[in-house]
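Just so it is clear, A, B, C, D, E and F label the chains in written order, and each chain counts residues from 1 on its own.
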Amino acid sequence: MEIGVFQAILIGVLSYLGSLSCPWLLGLTGGWYTISRPLISGFLIGLVLGDVTTGIIVGVAVQVVFIALVTPGGQMPQDLNSAAYIGVTLGILMVKRGGTVESAVSVATAVGAIGTIFHNFMMFTNTFWNAAATQAIKKGNYKGLFLNHWVLPQIVQACYRIIPTFVVLYLGQSYAGDIIAMFPVDSFIMRALTALGGMLPAVGVAILLKQVTKKDIDIIRFLLGFALVAALGMNMITLAIIGAYFAYNHFVYTAQSIPAVAAGGMGDDLEEEL
Amino acid sequence: MEIGVFQAILIGVLSYLGSLSCPWLLGLTGGWYTISRPLISGFLIGLVLGDVTTGIIVGVAVQVVFIALVTPGGQMPQDLNSAAYIGVTLGILMVKRGGTVESAVSVATAVGAIGTIFHNFMMFTNTFWNAAATQAIKKGNYKGLFLNHWVLPQIVQACYRIIPTFVVLYLGQSYAGDIIAMFPVDSFIMRALTALGGMLPAVGVAILLKQVTKKDIDIIRFLLGFALVAALGMNMITLAIIGAYFAYNHFVYTAQSIPAVAAGGMGDDLEEEL
Amino acid sequence: MEIGVFQAILIGVLSYLGSLSCPWLLGLTGGWYTISRPLISGFLIGLVLGDVTTGIIVGVAVQVVFIALVTPGGQMPQDLNSAAYIGVTLGILMVKRGGTVESAVSVATAVGAIGTIFHNFMMFTNTFWNAAATQAIKKGNYKGLFLNHWVLPQIVQACYRIIPTFVVLYLGQSYAGDIIAMFPVDSFIMRALTALGGMLPAVGVAILLKQVTKKDIDIIRFLLGFALVAALGMNMITLAIIGAYFAYNHFVYTAQSIPAVAAGGMGDDLEEEL
Amino acid sequence: MKKISKKTLSKVWFRWMCGNLSSMSFQWLASFGFSDSMVPAIKELYGDNKDEQIAALQRHAAFYNTEPQLGCIINGVVCGLEEERANGADIDDEVINGIKIGLMGPLAGIGDAMVPGMLVPLLLSIAIGLSNGGNVLGPIFYIITYMASVTIGTYYLFFKGYQLGTKSIDLIVGEAAQRIREAFNLLGAIVVGGVGASYVAVNTALQISTGNEEAPVIINNVLNGIFPKLLSLVVVLFCWWLMSKKKVSALKVMGILVVIAIVGVSIGFF
Amino acid sequence: MKKISKKTLSKVWFRWMCGNLSSMSFQWLASFGFSDSMVPAIKELYGDNKDEQIAALQRHAAFYNTEPQLGCIINGVVCGLEEERANGADIDDEVINGIKIGLMGPLAGIGDAMVPGMLVPLLLSIAIGLSNGGNVLGPIFYIITYMASVTIGTYYLFFKGYQLGTKSIDLIVGEAAQRIREAFNLLGAIVVGGVGASYVAVNTALQISTGNEEAPVIINNVLNGIFPKLLSLVVVLFCWWLMSKKKVSALKVMGILVVIAIVGVSIGFF
Amino acid sequence: MKKISKKTLSKVWFRWMCGNLSSMSFQWLASFGFSDSMVPAIKELYGDNKDEQIAALQRHAAFYNTEPQLGCIINGVVCGLEEERANGADIDDEVINGIKIGLMGPLAGIGDAMVPGMLVPLLLSIAIGLSNGGNVLGPIFYIITYMASVTIGTYYLFFKGYQLGTKSIDLIVGEAAQRIREAFNLLGAIVVGGVGASYVAVNTALQISTGNEEAPVIINNVLNGIFPKLLSLVVVLFCWWLMSKKKVSALKVMGILVVIAIVGVSIGFF
């Protein structure tokens, strides 16, 4: 499999469209949370390269590693976007040239770690446009605000995403085979990356866990979910239903001494309102 | 298999004894809720016709369709009684003549729909006896009350049940084979009836669901039960135990600000009383 | 397999060390609750006799019968210690001579029943030392307290455990084969003992159940645990996690009208304190 | 001090259990079942006074309907009230009727949810399991367990109600009672969920042909992969939505299902 | 009486949804996303008054950050407040900013727990199942369900917020709201547990050789015998402990995992 | 200001842990275990005063019994109280004894439910799994986990109790503490249910011969079809009923089981 100039650019553009700050696909809804998911990027890259099946297979494998990624306050422990585009594309190449899916995942993981540089660099350069936007607002200059919020930061961001993607994929594709050759599946580095891939989702899970627990004892809830899935093999929707039942119970049973009816009423209001 | 005159009458009598308003088997306890259940009627019809095994097999299949039938305020979305006697007997005949159990269920379903006429007609004619009973009470005429509550409505009801059952079964049995021939298993009508049979229990379930939920969000409880059975394959007793545990919790945790001990006491009283 | 003098004494000493009142292995922590568990005693006896595998296999089988043994206020419905040492050793012998594991369990069960005599006898004789200790305390005689609490009762207790164990095992071992011969697996007595072995854990379970339920309806919690394990095959840790979740809920949702924050605060305090 | 004898009370219970709906019509339902069941008690309490007898009969011939089995407790309560009244307590027709009307509604709801909604499907689901291959154990199990539990249960409830008498009002309408009703509703909802999952069976025959002739996408498997019995759940929720949000009657809902079945088969969905 | 037209409100919603983080930096995050999204509303409300426009723009350019999707409701609320203010209500900059700051925190927490923490992994876990063997159903399922639910959901939330206006303060900060947040946290914790059990995969290659060459003790099996996926659980709890007790940043935790992976492979643990 | 040194406290803990039941009898149980364990503390606090020493020894030789391991916390509390008393606080014998008596009961109940009722069966059930085929991992696992958790746990509890001192009264007898006890009981009940389901094993050999010689109805299968392990459940509930309703002692219950086993085998039930 060869990646042509046009294909490499297309993948770069997809990568840009899927970056966290890109507004064009209903913001992060269609971008970051949709096409930057490795499962979806695998599908799209597959379309571009003409092998959807392999694309999805690699996408699924990489997706698992990043299943619980969360970016509180714009902090990015792993750059999902480069993993999803540079990483998955390289992974597809490797698989087409005889590599295993596991090795593809390893490469995507490594790329994800390096990619955080692009994100953080953007966060840094954007402060310039921010300063300009502040000035524009002060003068009621709508055009200035538009330029410094919608146009300039995006041009820079597009460069940060399209150029490296193109360079790595188009120029780097000849090395994909070499990488496979250099690091055979049972090489030290591959084994370490595979082990890392298995542990990585724990970071996202732990970030979320920290966010949803106030007191230490609250992790009993996490343990409950873990046990139901690990020991009973429950699927996620069933777990969500059970969880929703318990959540509703919590809402009902913590109604305070505040005159019962009133409290009930408030809850009802809220339920109807929200 | 042939149904004799005597057998057809016997099945008609059983049908009458199992009708909702029939008092002779401890009212609806032994009638409607026991021998009108298709599982039981299948067994009894099997005894009458001399093939208990086939009777039960057909009974089970029809039972499933009507598992959650409930008749709030005497309203009958499906006439279980005619399904259980006319329907199941026809079903047994069909199976004995080479039909499938599925086709037997379809016929029972169809009979159940038509049978509502008999029930509603009885509800209508009974108003005459009701009027007479009102008069009797006014005069303190116990005999009149007895006649218009226990005797006359029952004579009419017996006719409504025994005659159609006899006619359909004794005279109709020769057509059972024809029905099978006319509607082969993969005929349009059979497929529609089978699909209907799969959906019908939903009506009873939905009626009950409406009854046990006050607020929309309460259906999360229904979903819980559904998920535990559908996804974990839990049996009904286990589900009932889990449900009872949650019900007890609900009782305990909704105890209001009302002086704790007093409330507890009341609950305890009730628990002991009931 | 033969038990030598030294081996029989060693097993006797282990039995003494594992008895409820023996202080030398951090009291009942290392004694009663550790080396008197048939699983552990089977392991240790196996080490002594040179067949750890058989020891553990018999130990596991006997352990199951006594899994839920509890001794409230020093009352012993079954003497676990003699079951664990005399019983399990006899069981190992029998298995080595061709008996079944089930028959080994039966013998251990029988021994456990008889063994309660030793325990109760000790509880009786200790009152003498208790009286002496009371006197010693009155005079501030530390030595007297030491003697009557740590030394004399233990000497007697050691005799109660080591002597019978030695006698039964060393002198009785020649009869082990006879027992097997006398009571073949499908003999009346063996079947009765096997049935008994299956029922015995119920006593411990019931004692505990009585202890953890205040009101009758609380046994719904027991039923919940029973159903989850019996019907879903859940393992014990998963059950404990689910139970802990519900226990935490109970703590939270029974917080009374007592000013909400204060109550919460107290709970939090306790949580942090304990 | 007048007292209804235990024998007479048993008669009232039995007469109610048998005849509750004997002359049912939409207009009267269990009205005459109720008044007729009171005959033995009325005769015993007001044996010397025909006018009082007639008054009592009429008092109990007002519109009445509830789940007849669980509702047994009301008959007991009313016997207790009649006894107090016959002994001169200040309990007029209004009060007695008020209690009957106040209780019959909740007990109809809870009763339908508990008896045909829970007890019957629960026992049937076990019986169906035991009936495997046409085994008679199933029906026999159901007959025995259902009859025994209901007969004993209603007898107990009836006498409990009688003992409670006026106290019952607090107990059945009070705060704790409401929580008990809520708890039963909760239990009912969970069990009904299980019944739905066990016995509603909706499957689609749809397939999407892929390039590969041999392996079309079977939509039913896809849906069950998303959530087991998803289509069945959708149909139940659809029926519930029609009935509780669109106020469609159960009969019309069945009509709609008939249409869906026919259309569904026509377009190849089923 | 000034009123923001429905069309303008829709524009505000769309402009926020697209541009929320368009010029994000750690210092400003969604600040300009917010003020820019208010432009259509500001023009409509203060169309005749440039000074008021500038004041409004500045008011909404204060530091702002929340989960942009769930946080949509705040934008609605603020539109409602601005409308009231434009009609002369006594709502000064302090109040509006106070509400924004008061709401953005909780909604960031809940939002991150609900969207990337629950909705995304839930839909992905289904989609992964459907993707079996490279099937396109998986990605298509995810794209459609995620986009549809979020688009509809945020649109609804935005308008709900707008209707609530000042009432929202009670509703989002009051006692019942806190219980709702707690309930969502509880749900989140349970689902995150399931995500952890499904996707964290830590296994050890350790073996203890027994006498028998053929049957060494495989430690991984032993551990799973104690509790399924025990090692995965330990790693999650370890990460959590590092972050919440030792205040180690997520990035450093990843570094530690890299070290563990390398050391683990070196000593034969992995 | 007198203060018991950490070393002395450790000694008290160790002396209690070893000797708690060393001279047990039904009349005295852990009484001397308690007073003897206080010796190091008494010597340190009242080293100069023999009378005070004797008084302290006698004070702690009153009847005493609790679950010795969890009960460790009481020993800690009492050390705290003795220290305060030695420093002149107004804590007389009554108070100290009252606290001991007030705490020993609840902690005996909870302790028995937690240690032999939960912790032991839990660890054993894992160990039994690991012991498969006579594997030594099982016993070793149990020895290590049980000893370690109890040793560390009791040491911690003891010192916690010491720190709390008089504050412990509120904390262990107060409202929140009662809820904690209730919570533990709840947990205990659930786990005990699991233990019952795992290890009680009652099966019947009954068969009902049908016409078909080859396929008699196996009652045990029928019962398990109704509910898994139904007979085991019945036996547990029967024992519970005997003990809690008929006040039959555990020993007598065992006698009854012996009779049932014998009769059961005689009539072919087992």
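We adopt the following convention: contacts are C-beta pairs under 8 Å (C-beta built on N, C-alpha and C of every residue); 3 or more make two chains touch, one makes a residue touch a chain.
For each chain, UniProt lists the protein as follows: A, B, C = PTS system mannose-specific IIC component; D, E, F = PTS system IID component (Man family).
Model, not experiment: these values are computed from the prediction.
K.L.:
Following contacts chain by chain, what is the lowest number of steps it takes to reach subunit D starting at subunit C?
P.N.:
When the steps are counted carefully, the minimum from subunit C to subunit D is 2.
K.L.:
Which contact partners do subunit A and subunit D have in common?
P.N.:
Correct list: B, E.
K.L.:
Give a one-word verdict, same or different, on whether subunit A and subunit B use largely identical residue numbers at their interface, taking over half shared as same.
P.N.:
different
K.L.:
Measuring from the mean C-alpha position of subunit B to the mean C-alpha position of subunit C, what distance in angstrom results?
P.N.:
Going by mean C-alpha positions, subunit B sits 54 Å from subunit C.
K.L.:
State, to the nearest whole Å, the distance from the C-alpha centre of subunit E to the C-alpha centre of subunit F.
P.N.:
About 46 Å separates the centre of subunit E from that of subunit F.
K.L.:
Just give me the whole-number Å value for how far the CA centre of subunit D lies from that of subunit F.
P.N.:
46
K.L.:
At which residue positions does subunit E touch at least two other chains?
P.N.:
Where subunit E meets two or more other chains at a single residue, that happens at 126, 135, 226-227.
K.L.:
If you look at subunit A, which of its residues touch at least two other chains?
P.N.:
If we look for residues of subunit A contacting two or more partner chains, we find 221, 223-224, 227-228, 231-232, 234-235, 237-238, 242, 244, 246, 248-250, 253-254, 256-257.
K.L.:
Mind listing the subunit E positions that touch subunit A in their complex?
P.N.:
Residue list for subunit E touching subunit A: 17-29, 31-33, 35-36, 39, 50, 53-54, 57-58, 61, 65, 68-69, 108-109, 112-113, 115-118, 120-122, 124-128, 131, 133-136, 138-139, 142-143, 146-147, 150-151, 154, 160, 164, 171, 174-177, 179-180, 182-203, 227-229, 232-233, 235-240, 242-244, 249-251, 253-254, 257-258, 260-262, 264-266, 270.
K.L.:
Inside the complex, what are the residues of subunit C that reach subunit A?
P.N.:
Result: residues 232, 234-235, 237-238, 241-242, 244-245, 248-249, 252-253, 256-260, 268, 271 of subunit C touch subunit A.
K.L.:
With touch defined as at the start, can you tell me which subunit C residues reach subunit B in the complex?
P.N.:
Its residues touching subunit B are 215, 217, 220-221, 223-224, 227-228, 231-232, 246, 249-250, 253-254, 256-257.
K.L.:
Give the list of subunit F residues in touch with subunit E in this complex.
P.N.:
126, 129-130, 135, 137, 141
K.L.:
Give every residue of subunit C touching subunit F within the complex, in rising order.
P.N.:
Counting only subunit C, the residues touching subunit F are 20-24, 26-30, 33-34, 37, 39-40, 42-43, 52-57, 59-60, 63-65, 67-75, 77-78, 113, 116, 123-124, 126-127, 129-130, 133-134, 137-140, 142, 145-146, 148-150, 153-154, 188, 191-196, 198-203, 205-214, 218-219, 221-231, 234-237, 239-240, 242-244, 246-248, 250-251, 254-256, 258, 263, 266-267, 269-270, 273-274.
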